[in-house]
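So, here's a batch of structures to check.
Each of the next two complexes has chain A plus one other chain: chain B in the first, chain C in the second.
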Partner chain A sequence: MNLILFTFIVLLGFTSYYFGRKKAYTIQSTKKRLTALPQFYGYYLAIWCAIPAFIIFSLWAIFEPTIVKLLILSDYSNQGYLDDELNLLYEKSKALSRGQFTGEITPFIEASAEKYLSLRSIAQSSKVVIVLSAIIASVVYAYKRISSNSRTREPVEKFLNAVLFTASLAAILTTVGIVFSLIFQTIDFFKVIPLFDFVFGTHWYPAKAFVRDSSEALDPTMYSDTFGAVPIFAGTFFIAFIAMCVAIPIGLMSGIYLAEYASTKVRQYAKPLIEILAGIPTVVYGFFAALTVGPFLKELGTSMGLEVSAESALAAGGVMGIMIIPFISSLSDDVITSVPQSLRDGSYAIGATKSETIKRVIFPAALPGIVGSILLGVSRAIGETMIVVMASGLAANLTLNPLESTSTITAQIVVILIGDQAFGDPKTQAAFALGMSLFLVTLCLNIVALRVVKKYREKYE
Partner chain B sequence: MNKNKEQLLNKRYKAEQRFRLYGLSAIFMALLFLTIFIFKIFSTGYSAFQKTWLIVPVTFDAELMMLDQNPSKEDLQDADYYDIALKSMADLDPNANEDQENELKRMVSYFFEKEIKNELLNDPNLIGKTKEVYLTASDDLDQVFKGNYPRDLPEDQRRVSDYQLKIFDQLVANGKVESKFNISFFTNADSREAELAGIASSFMGSIFSILVCLMIAFPVAVLAAIYLEEFAPKNRFTDFIEVNINNLAAVPSIVFGLLGLGVLLAIFHLPRSTPLVGGITLSLMTLPTIIIAARASLKAVPPSIREAALAMGASRMQTTMHHTVPLSMPGTLSGTIIGLAQALGETAPLILIGMVAFVNTIPGSPMDPAASLPVQIYIWAESAERGFVEKVSACIMVLLGFLIIMNLFAQIIRHKFEKKWS
Partner chain C sequence: MIKIKAKDVDVFYGKKQALFNISLDIEENQVTALIGPSGCGKSTFLRCLNRMNDVIDICSVKGEILINDFNINDKSCDVVRLREKIGMVFQKPNPFPKTLYENVSYGPTIHGMAQSKQEMDEIVETSLKKAALWEEVKDRLHEPGTGLSGGQQQRLCIARAISVRPEVILMDEPCSALDPIATAQIEELIDELKKEHTIIIVTHSMAQAARVSQNTGFFHLGQLIEHGSTDKIFKNPDTKKTQDYITGRFG
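Now for the complex of A and B:
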């Protein structure tokens, strides 16, 4: 139904464009000077056709369900139901009206379902009527405006400008959405679990917080010692540290080599090849770490008499390091190439070798940019999910032994939220609290890193 | 004194060479990882494109199938195939006792009844006759035949019994085991049985998500980039938008999954596990990537183009829409494709919005529950059965193939259509 109406409106839009342009030609034929190109007359009319339709459609989408619900639940208003029960009744009658209800059908629900259907059909038909009459009214108004040959290009361009501006708000909306989706659950979480316990507690067993009914959920003693995030934070930074131990030397050295030593030919092939590492999906790295690296390390450890877990932090961190190599190598390559040639020439002129120049002159000059690229790499390592989920453990051990398994923020979020979630359960909220801390940590890292890189760029431009 | 100097110089040259060597070995290491990686995936995955079939003689006994004389098409549809299927497997070893018959049955997939049924539906004249039918081997025997299964393990640690191996070896000796191209890997939906599992459902899920992502992210990102690059006044607010975009590009993907879960599912009540929600989540993620690419390519259009258009009397909007934007399109498009390739490989946010549900039907629209290729990799990688290992690698090969094609496409667009201003 909506689709038909929508197609109809689109068609109306096209026809009004056509009529607007035609009107412009007739005005032109009366030897009057047009105020804009003929197609602007068409756009003007089409916009006047689209705007009321769009507004009414969105208002309807926002308010229709609430109003219908209110009308249906008004039948039950005097019978002393709780809010939750009313909601349930409403959902039941909705499901019944769609023929998807499988429970026991009471006459009450059946009546509501019928009422729901009739209300929906009333809403639908009134929507059609209102939309069409609004379109007709606004198109007639707009047609009168163009007939009097008033300006059309300026309003059309203003409208386009507004559309462009709205689109640019999408980024802000996304950020707001992220904060919004995280913050409420996080606040609810900290109502049950004190912030202090979360930040300084050393035991993380979210599985213990399995709630059987809502009376248990309110009992805070039940959660003591279940949501201490220290092992998770420690594991996250530990694995990121291992990853950076692999990524920094290899990434930095290959960046330096590509920027300073490599011939154009080597550079032309080696650079994209290394960047392939960045394009491989992380789930593939995870599989590689779990299937190949983990067992390999375990065997190697056993042959040396060490006890290595098959899901060791070393396997996850090492593979993550490989993934981060290209980020560091490309960025440091860029940074080093943008160091002015005069610095190099000066150093060579006093007899320094190439490596001395790199170590004593270029590296210090490029340091801020390199630090920025490393920080971006760290932020990536902290936020990386699939490798850890697949290759490192899911149990949160507080350990600094790279051969044991640890867990990270991201892995715990996945563990908690995979499958069905009940909102309002502290376990689910814990995942959002973890997400919030992850967001804040990476946000700080990113802001610092981007600022450092930007400052550095400005210095040499 | 002189000698000392020479020594020092030698030392410095050696240090120079060492440093150079470090650089070279770093690049070598990175490329070595890449090679090992690709080699490992291909060597474990290529066998999944072959499937093992057992050729078993089946007697289409009308009595066992509970069929009357001259059965109609419907009768054939409703007939009981289980008994003849069971009997044909049991007949492989005439001396088998009841346990052994059960083991014989488990040598083929549980789908064997259907395969026999299809054979008869294709040729109804087979009733009363015996024909050799191709039956899908169980995943364990499939692995044995491909040589991926260690036969020297003690029997209680294997999923294939000695008896099954004996019969299987007889079949191999008689040439009754064949390996053919595995079409069902591409046409089947996911299954709990490794021998029947295919990528069709997750593939369609990926396609739908990417389409939704493209339809949302591309227009919004291009419009936003046009505004920021061509129209936005330089003030605090536009600076804020810019910082926002750069930060969003570096936010971990799992946070977008939480956004999808907390807003799209919990507040807007969109259907769980569907490519629609997945696509919207991915579009929010790729938005900054495309905006950044589109802005860069708008910036690359030289100001002389704009000035010329303005001088001819075009309005700013006309200048932008008729001249700047079309000229920037190649760069924007290749940036979009690269952003979509990233989205195609993304797993974590899709897991959070429930696209890990087990789906054994092929989705027909973005509103049907589905998985996606990377999520399928995750699901199979987590399952314990040996038969799934090669499937995972094969699925990775398909995914990497798509990523390579998309990136090549982006390169071609960039090199073929982008104007070089100099």
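Now for the complex of A and C:
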């Protein structure tokens, strides 16, 4: 029903566009000068058709369930039910009206279910009537306005402005919402686990929190030495460091090669090929690391007499580095290519070689962009999950030996939230605390990146 | 005395021929102006003289260009040394995004011309003085070169070019992006520079060619139509085409 109504409104919108434009042509044929191009008249009418419909639809969606519920529950109002029981009654009658109720049917519930159905159908038909009459009223009003050739361009532009504003607002509000959900859960977590233990504790063993029987009261002392985040922060930065050791030199050098040395033909093929690396799903990198690189490193290490874990930080970090190469190479290639040719000419003309020109002129000029691409790569490395989960193990060892397994923030969040979780449990909330710290770290990185870029920009422009 | 001798120079961009059979002698310590309508090949010819066309993949140069009786199109020619001897100033001022000092010391550094900081300071100072920029910038040598005005930037580029004491300076429409006052300053500078350097200037302004040059070459559609002393070209040209261009009947 809603879908039919919606389609009908869309059709109405198109029709009003058509009529608006037609009206404009009629005005034009009387030798009057239009205040805007004919299609603006059409858009104007279509907007006046869509806005009231949209407003009424949204209001209806918000208030209809509440009002229906109030009306039904008013029957029980003075029978001494508790709020919870009333809610249950309401849900039961709703289920019955849909034919999904399996419990015992009492006459009371049956009566409510019937009432629910009739209320719904009244609501539905009155919605159709109200929406359609609102559309007709507003379209008639708008049609009168364009008949008198009043302004249409400004309202249409304002409407577009508002639509675009709403879109960006939605993105911002989502971010704010995510941050707030993180904050509240994090605060709850730190009510049980002291902040100090989290930030400076060196044992991370969230499985221990599982042992608790949910009927027991929370006893913070049993969590001491459970949620010490130092090992996983260390692991996160360690793996990211290994990844950047691979990605920065290779990415930067291939970027320079593509931008400065490669012939047009090589570049034409090589660049898309490198960018394919960026398109590989991380889970594929993950099993490449876990099933190919990890065992290979183990064998190599064993043959050299080293003890290498099959799931090592080196395997995860190395493969992660390969994943990040295309980001750095492609971005730095773009930045280097956008350095003006006149600077190269100036340098060559005074007798500098290609490598001197790159080192002394092009690289410094492109540095802000290159730093930006590197920091973007670091953010990727810190936020990467799948490769670590698959290739570096899940045990949070505090180690700086790249041949041992270690774990990261993201991998631990996965470990915590896989399977059944109880809300309000410190173990689940630990995931939020970790998410919050991850968010703070990447936020700081982004701020630093912006600062760096800005600083160099001031220097070079 | 002849400094540069071009013999039968042809230039191709891919399959398209841009210059046909150019033969031109350039006098030492004089200013030679190359004039002609847009796209006639005068800039292309200028870029042949320091092999800047090497930078363009599809460009190929045929023929002989003798500088001090040495053919620079020969395989044995070291482009780095060549460009040390033949400086170039471009149409749009293109200072590096570095400080004024670094801009001027760039050439001497890559050619290893200064043994000490003191020597380098001297080179920078003399170059800036010769470029008539020293008085304006001596207190802010360590500020970015891109912060100067257009005319100052162009004089900085000239200082950069003369810092390696080139024998020849090529100028590719050096004043086309500048206002009349800055243009006058550069022209005055060119007159001064010709005492020590041979100068070849490409220009769109015939008035400028007449003001600054002793010799002029007129290019049209990739061919050198006429060349000779500026006086003669402007007052009594041999060909009708030159006459028409000089008097503004085409171009």
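In this section, the second predicted complex is superposed on the first by the 281 of 461 C-alpha atoms of A that agree within 3 Å, B and C clash if a C-alpha of one lies under 4 Å from a C-alpha of the other, contacts with A are read in each partner's own complex, and residues count from 1 in each chain.
Definition applied: contacts are C-beta pairs under 8 Å (C-beta built on N, C-alpha and C of every residue); 3 or more make two chains touch, one makes a residue touch a chain.
Keep in mind the model is a prediction, meaning the values are calculated, not measured.
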### Message
Tell me the contact category for A:R153 with respect to chain B and chain C: first, second, both or neither.
### Response
first
### Message
After the superposition on A, what does A:M304 contact: first (chain B), second (chain C), both or neither?
### Response
neither
### Query
Which partner does A:T353 reach: the first (chain B), the second (chain C), both, or neither?
both
### Query
Is A:L3 contacted by the first partner chain B, the second partner chain C, both or neither?
neither
### Message
Let me test your reading of the model: by the given contact rule, A:L82 touches which partner, first (chain B), second (chain C), both or neither?
### Response
neither
### Task
In the overlay, answer first, second, both or neither for which of chain B and chain C A:T264 touches.
second
### Query
Counting residues of chain A in contact, which comes out ahead: chain B or chain C?
B
### Task
Answer with first, second, both or neither: which of chain B and chain C does A:I413 touch in the superposed model?
first
### Query
Of the partners chain B and chain C, which touch A:I62 in the superposed model: first, second, both, neither?
neither
#### Entry: Footprint overlap on chain A, where chain B in one structure and chain C in the other make contact
353, 356
### Message
Which residues of chain C touch chain A once you look at their complex with the stated criterion?
### Response
50, 52, 55, 57, 79-84, 87-88, 90, 92, 94-98, 106-107, 110-111, 144, 146, 157, 160-161, 164
### Task
Please name which positions on chain A make contact with chain C in the complex.
263-264, 340, 342-353, 356, 360-361, 364-365, 459-461
### Query
Which residues, counting only chain A, touch chain B once they are in their complex?
153, 157, 160-161, 163-165, 167-172, 174-175, 177-178, 180-182, 184-185, 249-254, 256-258, 260-262, 270, 273-274, 276-277, 279-284, 286-288, 290-292, 322, 325-326, 329, 353-356, 358-359, 376, 379-380, 382-386, 389-390, 410, 413-414, 417-419, 421, 423, 431-432, 435, 438-439, 442-443, 446-447, 449-450
#### Entry: Of all residues in chain B, those that touch chain A in their complex
12-13, 15-16, 18-20, 22-27, 29-31, 33-34, 37, 40-41, 44, 219-221, 223-224, 226-228, 231-232, 240-241, 243-248, 250-259, 261-263, 266, 284, 287-288, 291, 315-317, 341-342, 344-348, 351-352, 356, 374-375, 377-378, 381-382, 389, 392-393, 396, 399-400, 403, 407
